[in-house]
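Chain lettering (A, B, C and D) follows the sequence in which the chains are written, and residue indices restart at 1 in each chain.
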Amino acid sequence: METEEFGSEIARRVIRPRPSQSHKGNYGRLLLIGGSENFGGAIMMAAEAAVSSGAGLTSVATDPANLTALHARVPEAMFMDIHEQARVLDLLKKQDVILCGPGLGNSPYALELLTKLCQLATPSQSLVLDASALDLLAQQPDLLSLIKAKQVVLTPHQMEWQRLSGIKIPDQENVRNFQVLRQLFPKRNVILVLKSNHTHVYDATQERAYLNAAGNPGMATGGMGDTLAGIIAAFLGQFGPSLDAVLAAVHCHSAAGDLLYQDKYLVRPTEVSAMMPKLMKRYSNE
Amino acid sequence: METEEFGSEIARRVIRPRPSQSHKGNYGRLLLIGGSENFGGAIMMAAEAAVSSGAGLTSVATDPANLTALHARVPEAMFMDIHEQARVLDLLKKQDVILCGPGLGNSPYALELLTKLCQLATPSQSLVLDASALDLLAQQPDLLSLIKAKQVVLTPHQMEWQRLSGIKIPDQENVRNFQVLRQLFPKRNVILVLKSNHTHVYDATQERAYLNAAGNPGMATGGMGDTLAGIIAAFLGQFGPSLDAVLAAVHCHSAAGDLLYQDKYLVRPTEVSAMMPKLMKRYSNE
Amino acid sequence: METEEFGSEIARRVIRPRPSQSHKGNYGRLLLIGGSENFGGAIMMAAEAAVSSGAGLTSVATDPANLTALHARVPEAMFMDIHEQARVLDLLKKQDVILCGPGLGNSPYALELLTKLCQLATPSQSLVLDASALDLLAQQPDLLSLIKAKQVVLTPHQMEWQRLSGIKIPDQENVRNFQVLRQLFPKRNVILVLKSNHTHVYDATQERAYLNAAGNPGMATGGMGDTLAGIIAAFLGQFGPSLDAVLAAVHCHSAAGDLLYQDKYLVRPTEVSAMMPKLMKRYSNE
Amino acid sequence: METEEFGSEIARRVIRPRPSQSHKGNYGRLLLIGGSENFGGAIMMAAEAAVSSGAGLTSVATDPANLTALHARVPEAMFMDIHEQARVLDLLKKQDVILCGPGLGNSPYALELLTKLCQLATPSQSLVLDASALDLLAQQPDLLSLIKAKQVVLTPHQMEWQRLSGIKIPDQENVRNFQVLRQLFPKRNVILVLKSNHTHVYDATQERAYLNAAGNPGMATGGMGDTLAGIIAAFLGQFGPSLDAVLAAVHCHSAAGDLLYQDKYLVRPTEVSAMMPKLMKRYSNE
């Protein structure tokens, strides 16, 4: 099975000048769920990435311990106490995109909330599952087949994918990956973003595999994945649920990192977010 | 009824070099009321906008959950616990401008406080009503006719105006808008800033309508309205309560966004605030 | 009585290149006392100014409500709960400079602490009294004559000086000001920095008056005085207690503001602090 | 005994371009322990330095009072409540490098935790002991000889070294320092970074002494040592436990300060951290 390399051309296709007749509702309502007391930074970085990538309205359901730092960093984000389940589920209904996982942790409550999310997401919504959410699903993978969301995006790194798919890292080849995706998602409504130093994207609908041509080892630092998840969520909300939106998000994340890497030995995740508005402008003009 | 377009000329007229013989008391005492536990970022962004636009002294009555992030972002702002009603109402007396609404939420207490505000604001004060305050007033529109403030500024987006005025969005035309404003404000002490991708300003006193020529779709993001409200409050405090001050504020908000939009695909509200000192300097020199 | 104008020459004289053989202990141990729950930003801005102006070691005794925002802004500052009186007074002993007042408020406890401070400050310490501290002293001016500190610096604006001195603003002339200073400080160990759009500095020892030639109306905003107090404290700690250090601090505060005012309509206090390292470098090289 | 001067050549040797085939696990798992309620800024600055110097994954065990400011400044860092001892010790096992001390304070619990750390650190781990940790060890120096870690790095300033070694500051010469190091560390698994305006590094294995050629008096400010400790920890995690990694870290810390000192009279610790990515890039390219 062939793997197609993708680069800036997909970003130029997806990121078009915004129409004058538009308002914030046109750029996606996002709910980000994650951030336990120990891993609060993850959901903040995801929110920072989403807002910096053009999301129209961003809400964050997280542990109250994270409220203040979230607002100090990203005042645009609205806050919801993750433990107020009824309110979170009510908020869920009004969203275009739900991102679940960054810093969520693996508490029983986290699993309970994720289960509800899998059950309740509707065919008009997109779902991005990242980090802790993937580890929780590794414990209960049947949940995945229940998801009715129009588009599911999984964003594991190789070890997370091993735990979820049962495929050992050296064996994570196209054929095996698609095999497991078909089992997990009989409806094939899934895109797998398998993060590594050469990130692959697998589109289960078309059974096609794509290779990210951009990126660099200066991005190998904690929080870079949370940032990618936020960018993907923002692109799905803004450009609609599609493979192209996911590919463009993966490319932009790496391309922003590459720009920074030109004169920095390492790239901090929040710098990638800060670079997004300029990078997107450039692509929209080309 | 004609609509007059306005642009930088109004900003150049309003924003004059500051006289040497002046102190912070000359540039307005502002009280900003808003920011529930869930929507704290809104009042922080409004405060950041007010301080960045030249307000002399800025106080913020908000939920204590927002104290720390407010100070981390805007140490110039003084804090008041919104639930200490007697102290808030006492502070109210000493203000030149009161902005109420960003992130306030629609709790019974919020309505109670807003009611007091409408009753207590004096003819030497200006009142900016935004966001949640407008939705609360939609439940009890008679409150508006009680307001004795010298100048009332309403800053709804189209859906908020629909809820308050009863006019559906496609029908929000000049004649209908003025009709409702006359009913709501028999004293005609009101300016309506009707936010959309082509923001209109309605001056009830003169029954004249104005169209904002600046702005761009990169500004379509949560928090942009809170920022505008903060700028309007700062301009009223600094340049005195007048139609011109409101028009200049609306223009500057959009013009700052336009400058940023030149090389950014999206504009974050706090960037607009950060741009204000330079933009105002430029206009004051022309 | 003549008033002598001062400008950059005093800063060039005071701010000399640091000797290679030195450590943080050589640049002053500072304790800043202030910041109630309502006025926390004031003490943060003072601490930011002190650290940015070269203080060696900076501690802040403040309300615990301000701990987190202080650290988010100024991680260099050490924290002490202002309500732990014994520990605060113990910390006091090890300081070169104590600044008391920004955002302190006028609670009975604030007065109690200030009283102890006036009694306990030793002839090897300098004391800067600002804002709330001055209003508290207006209630109990006899405290001032008890102060044994080597150098006392008062930094009122004109209204605070009226309350403390009993001299109405239009009557705040050199002769009257010195008269009251002699009464308040029989030991003459005081410098009065009388803030206005033309700040005057009065040296009680020599009975000479000085006029600040720098500054601009863009600096007329809340927090600018807290920033000045922090700079004065840092200069006393770094360059030793002297009139020259105070004059240099007053000049640098205004000169930093003037640089910013060149392309900004208003100057935020934290921008003045951020400008200090570059401005001081320039003067040290001249 | 001779002392060898070191400079940028060591940094150019240590800091090599990152291999493409790498992930965050390759750049070190770090645990930073410190930050009491009073000295929280110290551990934040150490974390900021570690993350900014390329650490792969950074966790911080600190007082909960510091959680929010830590995340506001360094969202990449994971948080652990220092008082949950079992969890801290469990986390300890998975680390490549443990830094203990910045802002830790000298409570009985701090000593208890430090004792466990000395006992539990394994021969595959590196240990950096700084600030409070050194003062606690001065009370119980026998602990040091128990440490089985592959590499121990001590980072005292001269007064801390006097308390720990018993050698008075004027007598801190090479021969005496090595004598005490041999007593404290019979296994000789230690590098002493003795901070002063001319920082010396002592390698107990080879019994060789090195002098830092870089640095300037603008760096004489609180927090600079915490920043150095964070950089050393990051370099050990990234470039492996070695004398060269420590020397490169000491040099880079000073060299970053020297770059900033060119146009600033004083250098803030967080500016040194912010400079690290560019400085490291430059060295990696040479």
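We adopt the following convention: a residue touches a chain if its C-beta (ideal position, glycine included) is under 8 Å from a C-beta of that chain, and two chains touch if they have at least 3 such contacts.
Chain labels with UniProt names: A, B, C, D = ADP-dependent (S)-NAD(P)H-hydrate dehydratase.
Please read these numbers as outputs of a predicted model, since none were measured by experiment.
Undergrad: Do chain A and chain B, two copies of one chain sequence, contact each other through the same residue numbers, with over half in common, or through different ones?
TA: Chain A and chain B contact each other through largely non-matching residue numbers.
Undergrad: Can you give the rotation angle that fits chain B onto its twin chain C by Cα atoms, in degrees and rounded to the nearest 5?
TA: Result for this pair is 90 degrees.
Undergrad: As a test of understanding: of all chains, whose mean C-alpha position lies farthest from that of chain C?
TA: Computed centres place A farthest from chain C.
Undergrad: Return the distance between the CA-based centres of chain A and chain B, expressed in whole Å.
TA: Once rounded, the distance between the two centres reads 35 Å.
Undergrad: Per the centroid of Cα atoms for each chain, what is the distance between chain B and chain D, given in Å?
TA: Chain B and chain D have C-alpha centres separated by 50 Å.
Undergrad: Specify, in ascending order, the residues of chain C that touch 2 or more different other chains.
TA: 68-69, 72
Undergrad: Report the residues of chain D in contact with chain A in the complex, numbered from low to high.
TA: 15, 18-24, 26-27, 51-58, 67-72, 74-80, 276-278, 280-281, 284
Undergrad: State the interface residues of chain C toward chain B in the complex, per the touch definition above.
TA: 37-42, 44-45, 48, 65-66, 68-69, 72-73, 157, 196-197, 216-218, 220-224, 263-270
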